[in-house]
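See below for the structure under consideration.
So that you can tell them apart, the chains are marked A, B and C in the order they are listed, and the count of residues begins at 1 in each.
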């Protein structure tokens, strides 16, 4: 009996772990016994799926005849997790593992409950054709989504754990045949050296991976579209997914990746060519238009056709500020509007845009605070910013046009031309995980051209 | 990297700040500028050998759509040179005079008889004057012409620009000469520029352009009347809208010839140019007739037109030859045909007054129009 | 031939259509411009041939590296300094030219120093860039701009105001003997290949020139020179153009885009050529800085593992540029440009000579491998 009561006692390790986890209230430490057999369970109720637990761990205990049978049953469970040191076990417990002690053997079994494993609707990059559902907030489901769209034995999932306070799992996904080995190495190194206290989602992970903290242009692409992921995997890029975040990070990227909408692939040749041209025209318009307005009206009005010059001059009658102030204020105003309408719930944001855009705009012209040509320019700029398919680039471009505006204000039209070239030089000099950010992707290029250091 | 980028940032912002202080002088808003649209040059009344410069300035008007007429301001000043007069005019207005949109230069007919080099220099030397400005001669004076505000003029459009370069009206009577062409042909040996003549009616409500002026070297000018202008323009500039009226045996035919092609050869006898063979091809349709026409007889009408027009062209060529003027650029063509060491221009100058013209005209009427 | 070599050659050709070269050629239109151009074409293209052939033997190596390895430093240092100066001066001249151009045609009220600073800051960024990024941006900008350049040039060719008779008259002067200044000026656009001395480090394959490439370069060069010299004559007139400072700018102002977004051709023309010229200057100065770096660098300026040597050179460039151009007149610009062109034979001799030295040095090293280590 003594021995049996000894058996009833949970092992030391279990108690220790329970000690370390307390005083949280969702800790469960329980003992199963029948016919003198006993098994001890330790888990966190909030992390564990109780139905699965019941089915796979508790019920079999009452069906087997000996503890050895039960142990070998547990041992052959594919969900078993390797046990390392105590700290890791603790983290594993918080992830939804159940620690089972049978005599003196311990088993760590994963019985995760993920309340948010539904695949989500795509909201950021909607397309008319193409996938309507994106990734999930659960890593497993997301990986499942990718696996289900890319059936190839060379697809690799490389899961690891973040070294921050949240200890979340992340997964590197790539095709081992097409992947760029240098970039892979670099990403792994960066992930290893990551030293941030808390990473919340793929959004900030992406920023930390960037290398340089202060950067206008994103070095990775954030997406929620599985088709974009698969497309990029097959092109040799690396996907990073963080558990609990429905967005995936694609790296390395080049500038042109940000101008691709998945819809381009689903349309006919000419239509997609036209939309691509449209998109680049939009990009160009929203970057240079404000600067162009200043450069032409204040430095070289000869560029206009005479009729236009007269119209612009007429519309500026009574405007008290120099053109660059006018542009600056109006751009700021548009930024307010955009920012406000993003943050507000959609029924209210419509009102904000109407009041701001329509009423204020007209009133500003009526009050001769700004010229109506300026209103046209600013609205054009605002609209064309939204033509850019990836949001991060949209934000970068919004910053960029202010820089170009300043440069043009100082140096006139020549400043605009040179400033544009400067942007090209800057982007070409930028790197995303060892790849030049802006370059043409001609074939055979690697052979002709040294990309290494120096 | 961190420190370096910070240093870079600081240096850049200091430099930008410095330059922003300096840049204040070049920054000038569009509403602080006055757009000179036409410049007129007359001989000065008070200063000997001076010029009187008149500027036509387009004033931007608050609401263009509502205003019914364009508004112009006129400034006049005399000076020894054009540049000097304009410098003086800058003190008469509160805004910067902007010559970048000056697209028509109106020159008093009398001035064209003098040496042009002096005031042409001003326009070419200044960087902001367009080389594609139109040059015209004015009768009776540039100032009168400038001050005409035609009834058909719409706000924010300037009728002086629409006349030329086929922007608005297109007519074979209107010769378009750009500043660079005028300068090029004026200075070059072997060709003489032609300027349109701008006139106005009695009430100063219309601008009329249908004559032209050949400007020779050494101040020789020759007026071409409207008919000759039309022929010159359609042959040299391929101006469209050419029409010709045949009158014979009570038959009145108006031919609209929309295609005019011309090329010529200069034949030489030994070292001397002797004959110019000009091939002209015209084709078009019958535009107007006082009698019913038969399509079968088209070739007959062709013949009629050919004979009549050959006469006209010959008349024009002989008229020019008599005055020793060469707006067609025959001399230039001849120069191009011989190595310069043979001095072909000298031979040409000697030969041109006696050279023969052989005109081979071909008219091809495509149809009798919509009705027979 | 490697794509990037074409870019370097083409860029230099296109940029030099505009400013000094046509001016000098048109000045010589009565004194053998045409024969000079023909001679220059032959010399220039053969020079391309020689340089490429000599570099073919050293794939992935730049001239300073080669000099360092195979030539004693008392010879290589002066050579490097001379080259650095040449490249710097080439860039300096194009900045000066465009500064005057902008001041004349685009922003007349702007102070010279501001116009210079428009270029200089961003060029300095270009100098500090990684060499391969610079090549990437050259490719990008050139590929984006070339269609526009071709449109502009073809517009100039096909405009109705273009009077071919003047070109024909100019052709009647083809029996004059060539003139030294005209030849050197006409060679200059063909010398874009010389930038290979630094860029060869990043160009790995196909540094070679066969018959086909030879003819492509020959044709491109002929087209460049023809356009540069003859086309302005058709607009400005033959025998009238000598006193024109900027024949090509006057030419571009003589074209009207009747239905264009911008009516005046000159602005598009100026801005496009300004961009390309900026790019070419960036290349020149990048090369100059790299040469100076291998000429002399101190360890003292390496602070926190960051090398501040290039910054020193950039500041030197700035000072010379601001003071130099600030005091220069247009006449001096053309004069110095002429001097610069006239010294090109010396440049060619030094370049080919140093490559020969390297060849000899390399052979020696092969024979005595023990000593080299």
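Keep in mind that, in the parts below, a residue touches a chain if its C-beta (ideal position, glycine included) is under 8 Å from a C-beta of that chain, and two chains touch if they have at least 3 such contacts.
Since we're looking at a predicted model, the values are computed, not measured.
**Student:** Going by the touch criterion at the top, tell me which pair is linked by more C-beta contacts: A-B or A-C.
**Tutor:** A-C
**Student:** What chain is most central when centres are computed from CA atoms?
**Tutor:** C
**Student:** Quick check: how many Å separate the C-alpha centres of subunit B and subunit C?
**Tutor:** Subunit B and subunit C have C-alpha centres separated by 39 Å.
**Student:** Please tell me the distance, in whole Å, between the geometric centres of subunit A and subunit B computed from their C-alpha atoms.
**Tutor:** 63
**Student:** Please tell me the distance, in whole Å, between the geometric centres of subunit A and subunit C computed from their C-alpha atoms.
**Tutor:** 45
**Student:** Considering subunit C alone, which of its residues make contact with at least two other chains?
**Tutor:** In subunit C, 107, 110, 114, 117, 264 touch at least two other chains.
**Student:** Of all the residues in subunit A, which ones touch at least 2 other chains?
**Tutor:** 299-300, 302, 306, 410-412
**Student:** Going by the touch rule set out above, which residues of subunit B reach two or more other chains?
**Tutor:** As it turns out, subunit B has residues touching two or more other chains at 1, 19, 23, 26, 28, 128, 130.
**Student:** Enumerate the contact residues on subunit C facing subunit B in the complex.
**Tutor:** My answer: residues 104-105, 107-111, 113-114, 117, 121, 161, 163, 165-166, 168-169, 171-175, 235-240, 250, 253-256, 258, 264, 304, 306.
**Student:** Which subunit A residues qualify as touching subunit C in the complex?
**Tutor:** The contact residues of subunit A facing subunit C are 299-300, 302-306, 410-415, 417-422, 424-426, 428-429, 436, 438-440, 442, 447-451, 454.
**Student:** Of all residues in subunit A, which touch subunit B in the complex?
**Tutor:** Residue list for subunit A touching subunit B: 212, 214, 296-302, 306-307, 309-314, 316-317, 319, 322-324, 406, 409-412.
**Student:** Quick check: in the complex, which residue numbers of subunit B touch subunit C?
**Tutor:** 1, 3-4, 12, 15, 19, 22-23, 25-26, 28, 124, 127-128, 130-132, 165-167, 178, 180-181, 183-185, 187-191, 329, 332-333, 335-341, 344
**Student:** Would you pull the subunit B residues touching subunit A in the complex into a rising list?
**Tutor:** Subunit B residues touching subunit A: 1, 5, 16, 19-20, 23, 26-31, 33, 35, 37, 58, 60-64, 98, 100-101, 103, 128, 130, 156-158, 161.
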